[in-house]
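The following pair of complexes shares a single chain, chain A, combined with chain B in the former and chain C in the latter.
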Partner chain A sequence: MHNKKIQIEICAGTTCFVLGSVQFESFEESLPAEWKDFVEVTASRCLGLCRKGKFSGAPYVRINSVPIGNATPEKVMEVIAEMLDLPEGLNDA
Partner chain B sequence: MMSAPIFVEVEWLSRMKDRQGICGDSVIASKYSQQQRNIVVLSDGLGSGVKAAILSKMTATMAEKFIASEIELPKALGVMMDALPVCLERKISYATYTIIDSTLNGETRVVEMGNPSFIFIRDGQEVECDTRELKFEEWQNRSIKISRFKTRPGDRIIMFSDGITQAGLGSEEHKLGWRRKGCVEFVKDQLAENPELSARVLVNRVIKQALRYEPGNLPHDDMSCAVVYYRRPRKLMIMTGPPFRESQDSYWASKYTGYQGSKIVCGGTTSNILARELKLDIKTELRSRAGLPAVSVMKGADLVTEGILTLTRVCSLLERGGEDGSPASEMIEHIKNHDIIDFCVGTKVNEAHQDPTLPADLDIRRNIIKKIAEILENKYLKEVRIEYI
Partner chain C sequence: MMPEAKYNNARRICREIMIRIINAVTRPKDSTDLDRIPLEMRPLRNNTTRCCVYKDRAVIKYRCMASLGIAVEDEVDELTTIKEYLGQTLKRKSNSRFLTVLDVACSSCPDAHYHITDACRGCAARPCTMVCPKDAVSVINGKAKIDTDKCINCGKCQSACSFHAVVRIPVPCEESCPVGAIASGPDGKKVIDDEKCIYCGKCINACPFGAIMECSQVVHVLAEITKGTDVTAMVAPAMEGQFEANWNQLTAAMHVLGFTSVVQVAEGADETIAHEAEELAHKLAEGQKFMTTSCCPSYVQLAKKHIPEICGNVSDTPSPLAFTARKVKADNPDVKTVFIGPCLAKRKEGTELEDVDYVITFEELGAMLVATEIFLDEMPDIAQVDGTASAAARKFAISSGVSSAVAGSYAGETALNPVCIDGLDKKSIALLKAYAKGKAPGNFIEVMSCTGGCVGGPCVLQSAAKSRKAIENI
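Right after this comes the complex of A and B.
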């Protein structure tokens, strides 16, 4: 049983928006019903990752504080699936 | 003791006659900052449509220029009447007008020819003004009324074309139309409910009410209303962009907390800096609105938006008018409700935005602010102050 939710932060900053963060708008609704209790999706005004330029490119999503570059809903789903398979993996994306 | 500064809010609205493609009334408003002077002209051209629009536009433009250049009034008004083209049907050259010329110290004169008399409201009541009449030898059928008075904070001047006072004229229900008297009562009622009603809301309500009098709510004549409201200024700060040096972040935060007025934070990094310095939470919506990133909520801010895309949209909406339900429209609503706009502009450039593969819309922040400021000063008569850091 997972005792802590996986935190998904979607960047709504300028660069991420221009490069496709809009595809995450209905991400929360598209999660499988059985995941919903274990995942929390929030938007961030800006994660500030594009400025650092070392995480492969916008749009960015952060999963439990770990940045994912060139993020797509599919890519983020895969990471969540892997984490949910690992009972202890919730804090180590 | 120094008195607090006065701001003159000027707003107007027109509705064109039903089945016409252009409004035959014209309103021109100018602000002369150095002289602390505002001139507003409302002109109603003879008839309707293109001809009326040309007559009224010519009249309003000439009137504004003559008044501003301090040419002797009778001479200026005579030249204007001589200059107007003559209507082939009616053999007269005709465009009625009302001119308000006022300075911030309160000296005000109103020049009227042919329009319904202006309304001067003080403390919620109509006040009679000293008015004299000017006659012209060459223009026997015309007379010009000149009123001089001193305004003080809280006063309002309302002027309109006869499309407003005659709304509903001849209808079963309102045989004599709304009339000036009905309009005065309506304005007084509105101000009794909210003594600080903005000029913008008041012109909208007057036009709406006039339309209610018209059969089918369709204007049977061009309708225009302009309101000049002398009030203590409402201030709005728009904070956008991170300071050039990180060491100035705390100064940025102190500006935010110390500002006496409404506040908009515009930009992801900007809001992050404030949140970090002031230990505030930011909550952001996930859904975009009308093609712009969603808004956020942060304590103390009236609005928090994304930066450069939103400002670019603000600029284009201000330029062409209209609204689109986006966060930019929301920002414009706030701007319109305020008189003094203080831009605090951080000049640090986000290098990621300069990537040539990104849309050209990601212009340098300073350029956009400069353009917005020009539009706000010239088209919306706002007082704009910009601080770059």
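Right after this comes the complex of A and C.
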């Protein structure tokens, strides 16, 4: 049984907010209904990925502890779709 | 549909540029040289937005210019460096313009027109050719085509086509402008007419190329802070809900940025409420048919430039900013005052008010936080502001907030009938013109240039719906 959900952490820190995490405002609601049992979306406190001058990669999203820079809802959806296609994607969680 | 938050890729680029500029100005030793910003943001052999990397870099350089407060229209020599512009801007007292068109970024959109797309199947009925009053539509090689010389843009062909093959191609900036202040210049590039512009900032977010920018004052504020001047931040009520942080954390963050004190403009709004309620009672008792609010600077510009006949009905009560700045300067005349808000037109108001030295926006404050690596959730939540402002005053930032507040303090004889104009566009401006002619549906008219009130301003970070909710919860 692969009951571990894919963890999507959307950084809600100051840098990511200024540089566009606002795009994720209704991200969870926009996911296809059939994904809902396999994906868990959380707004996280600052993930710390923007520090030491790495602001230009913001907004950041972390998917199962893998950081994604310059994240957009489309980019994140693509990664989720890929992981859901491959059963081992869920295993990695 | 309009996006909820004023955010798109062009905005993101502008914000990133602002962060890089602030870094270069405040920490020159640890940051990229100002003149390398375009190269760093668009390195060779990377994806480009426009035709080539060089054009992208040219646009970024002009964005840097505007971010430093210099209008692109003022360019004399193309080889002037960004560093030289920084030197020039710091020597000036004020910007020559509030809005600037980046002609290199402007796509010179042709005038709004109808176009028949490939969806045309060259049908047998051909209603487009029949409904056209000017015989401008004909079928050539199996596809309908519009003769632009004959077309009068009536749109009848669009409604007639069953395949939705006819599209209207607008000029986004021109359509967003409620007062017709932006139009094509001789070379097709757009030009803003300052005689008509009311600085509402709608065009900034409307242009898909991000070719219209405001001329910032951020580096001027940074220079004051670096000099060690006492700088007071006067924060607009629309700040509520902009960031995931409370006033204590925001105040602490602004102290780290170098502002010596932080005041809420809502405190001035309380004075506006008291004065305006009194003025309203007085004017209605005198027999004046209606009075309008005056706190929205874009509306004040509209009245002056486009509806002079309504000027007598505009409240004489100073705005919350005017009251706040007056008090700050009275307490300490040597202090420099900086308004921080969601608004562009406040920059115009700021130049007209002696007590206001600079105006910056929420976006620019956000860029300062990022550049300084200040994380709001790490700021101490220790009471620093004595929140003396009333809840009513703090609701000035949402539509109907001002009229409700004034109505709450109104003690006049005449029954009050408040009406709100929630957002300026061609339609609501026509209404205001009718009101001036005696057709006002109420006797107290609140006018907000931005839909939803200041929370829908051109330079906000948060979605208007979210910040409205935060303010309603006060």
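Here is the rule we use: the second predicted complex is superposed on the first by the 83 of 93 C-alpha atoms of A that agree within 3 Å, B and C clash if a C-alpha of one lies under 4 Å from a C-alpha of the other, contacts with A are read in each partner's own complex, and residues count from 1 in each chain.
The rule is short, and it goes like this: a contact is a pair of C-beta atoms (placed from the backbone, for glycine too) under 8 Å apart; a residue touches a chain by one contact, two chains touch by 3 or more.
If you're wondering where the values come from, they're calculated on a predicted model, not measured in any experiment.
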Clash or fit, chain B versus chain C on superposed chain A: clash
Touched partner set for A:20, first chain B, second chain C, both or neither: second
Greater chain A contact set [chain C / chain B]: B
Which of chain B and chain C A:32 touches, first, second, both or neither: neither
Which superposed partner A:41 touches (first chain B, second chain C, both, neither): first
Partner chain in contact with A:56 - chain B first, chain C second, else both or neither: second
Contacts of A:10 with chain B and chain C, given as first, second, both or neither: first
Region of chain B that runs into chain C when the structures are aligned on their shared chain, from 134-142, 260-268 or 278-286: 260-268
Residues of chain A at both interfaces, chain B in one complex, chain C in the other: 12-15, 17-19, 22, 25, 45-46, 50-51, 58
Chain B-facing residues of chain A, complex: 10-15, 17-19, 21-22, 24-25, 27-28, 41-46, 48, 50-51, 53, 58
List of chain A residues in touch with chain C within their complex: 12-15, 17-20, 22-23, 25, 45-46, 50-51, 55-56, 58
Touch list for chain C against partner chain A, complex: 4-5, 7, 12, 15-16, 19, 41, 243-244, 363, 366-367, 369-371, 373-378, 461-463, 466
Parts of chain B lying in touch with chain A, wherever the complex brings them together: 267-269, 271-272, 282, 284-288, 292-294, 296, 304, 306-309, 350-353, 358-359, 362
